[in-house]
Amino acid sequence: MIAAKVIDSIWSTRKADSLVGLKFMLVEVLGGIDAGRLMIAADTISAGVGERVIVCSGSSARKMLGRDDVPIDAVIVGIIDEDCTF
Amino acid sequence: MIAAKVIDSIWSTRKADSLVGLKFMLVEVLGGIDAGRLMIAADTISAGVGERVIVCSGSSARKMLGRDDVPIDAVIVGIIDEDCTF
Amino acid sequence: MIAAKVIDSIWSTRKADSLVGLKFMLVEVLGGIDAGRLMIAADTISAGVGERVIVCSGSSARKMLGRDDVPIDAVIVGIIDEDCTF
Amino acid sequence: MIAAKVIDSIWSTRKADSLVGLKFMLVEVLGGIDAGRLMIAADTISAGVGERVIVCSGSSARKMLGRDDVPIDAVIVGIIDEDCTF
Amino acid sequence: MIAAKVIDSIWSTRKADSLVGLKFMLVEVLGGIDAGRLMIAADTISAGVGERVIVCSGSSARKMLGRDDVPIDAVIVGIIDEDCTF
């Protein structure tokens, strides 16, 4: 997984049927040589803009939704505690 | 997923039988340290050149087609709304 | 896999239900052109801060847990022996 | 997928039994910030040195072979038409 | 796959039970813009230090072992012939 900061919402009206109802957030990788990399992650735990989150990528992202037919490759799996410094 | 801009169509006459009928688009990653990365993504939602899209990669790309036997690793899953700024 | 050094613990109270009870560590890639890349890896073998570890990524990370429903994409699979120089 | 140019053949006598009979080609990524990245891709459609090809990576590469037991992670899935400019 | 050079053995006494008996090698990517990237790959074909090898990554790496429960994401699938220049 990677640590990232939620930057913004991404809105898409024309999209795969299986994605309807999913929230998408633009996140930016925090720290290390990948800092500043942008990703779009599905969010099912109501992460807010500015929060630091844990993003899971690849086939494992589908596991967060409890179904295997959705074309997503990144999902927010946790919100990093505010008092967690790193 | 990543945000990308559709650059062009990619034409391939000699290709895997299972890819016949699929449209392939050259897309360029938008923003962040990966800006300018090029990818070829399958397109089933009629994205046009110049549009900003959401691209899903890896095994999840196959989920967009509703079949699991096609050798693709990237697909356009949504078109980003024109008034979505980020 | 990659060789990495354990940097810190990552705490997340609000997270996927399936992640409850899992320990997450921030690790930094060691050596090569990826040196300094940060990742968050699940840890089930009690790696300590400062130890050098082997991190497995992707769908294979789920194999470490012996279950396939957990949204993780990186896990510590081994601790590199202290007298192993490289 | 990525667009790449076929550079050379790769010969390996000592290899996994399941790879016997497969042709491997060295390809170089074309365009974008990944230009110049080298990969080894299996080839089942007789791509020639110098041709521009579409390379599919990851688990999807195995779909090209119609079997799921072969340890390959990249395969040439199409040859880009000569008159396709991008 | 990628072409890499075997650099060293990696020793890990405390590791996942399913990894016991597997040999791990540190390899360095050869050529292209990824030259110098380090990876740890499982080795089941007795590659020696200094040899050039083909490394397969991701879920496909597990196919080399003929079992699907092992947390590895990279494996040496072939040794590049000495007289193969590239």
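Going in written order, the chains are labelled A, B, C, D and E, and every chain counts its residues from 1.
By our rule, contacts are C-beta pairs under 8 Å (C-beta built on N, C-alpha and C of every residue); 3 or more make two chains touch, one makes a residue touch a chain.
Source: prediction; values computed, not measured.
Undergrad: Treat each pair of touching chains as one step and give the shortest count from subunit A to subunit E.
TA: 2
Undergrad: Subunit C and subunit E are the same sequence; what rotation (0 to 180°, nearest 5) superposes their CA atoms?
TA: 70
Undergrad: Answer with same or different: of all residue numbers used at the interface between subunit A and subunit B, are over half used by both copies?
TA: Both copies touch with mostly different residues.
Undergrad: What is the distance in Å between the mean C-alpha positions of subunit B and subunit C?
TA: A distance of 31 Å separates the two centres.
Undergrad: Indicate the whole-number Å distance between the mean C-alpha point of subunit D and the mean C-alpha point of subunit E.
TA: Whole-Å distance between the two chain centres: 19.
Undergrad: For subunit E, jot down the residues that touch at least 2 other chains.
TA: Each of 34, 57-59, 61 in subunit E touches at least two other chains.
Undergrad: How would you write out the ring of chains in order, opening with subunit D and then subunit E?
TA: Here the ring order, subunit D leading and subunit E following, is D, E, C, A, B.
Undergrad: Using the touch definition from the top, list the residues of subunit A that touch subunit B in their complex.
TA: Listed in rising order, the residues of subunit A that touch subunit B are 7-16, 18-19, 24, 26, 28-29, 34-41, 58-59, 61-62, 68-74.
Undergrad: Tell me, which parts of subunit E touch subunit D in their complex?
TA: 1-3, 30-34, 45, 54, 56-61, 63-64, 66, 75, 77-81, 83-84, 86
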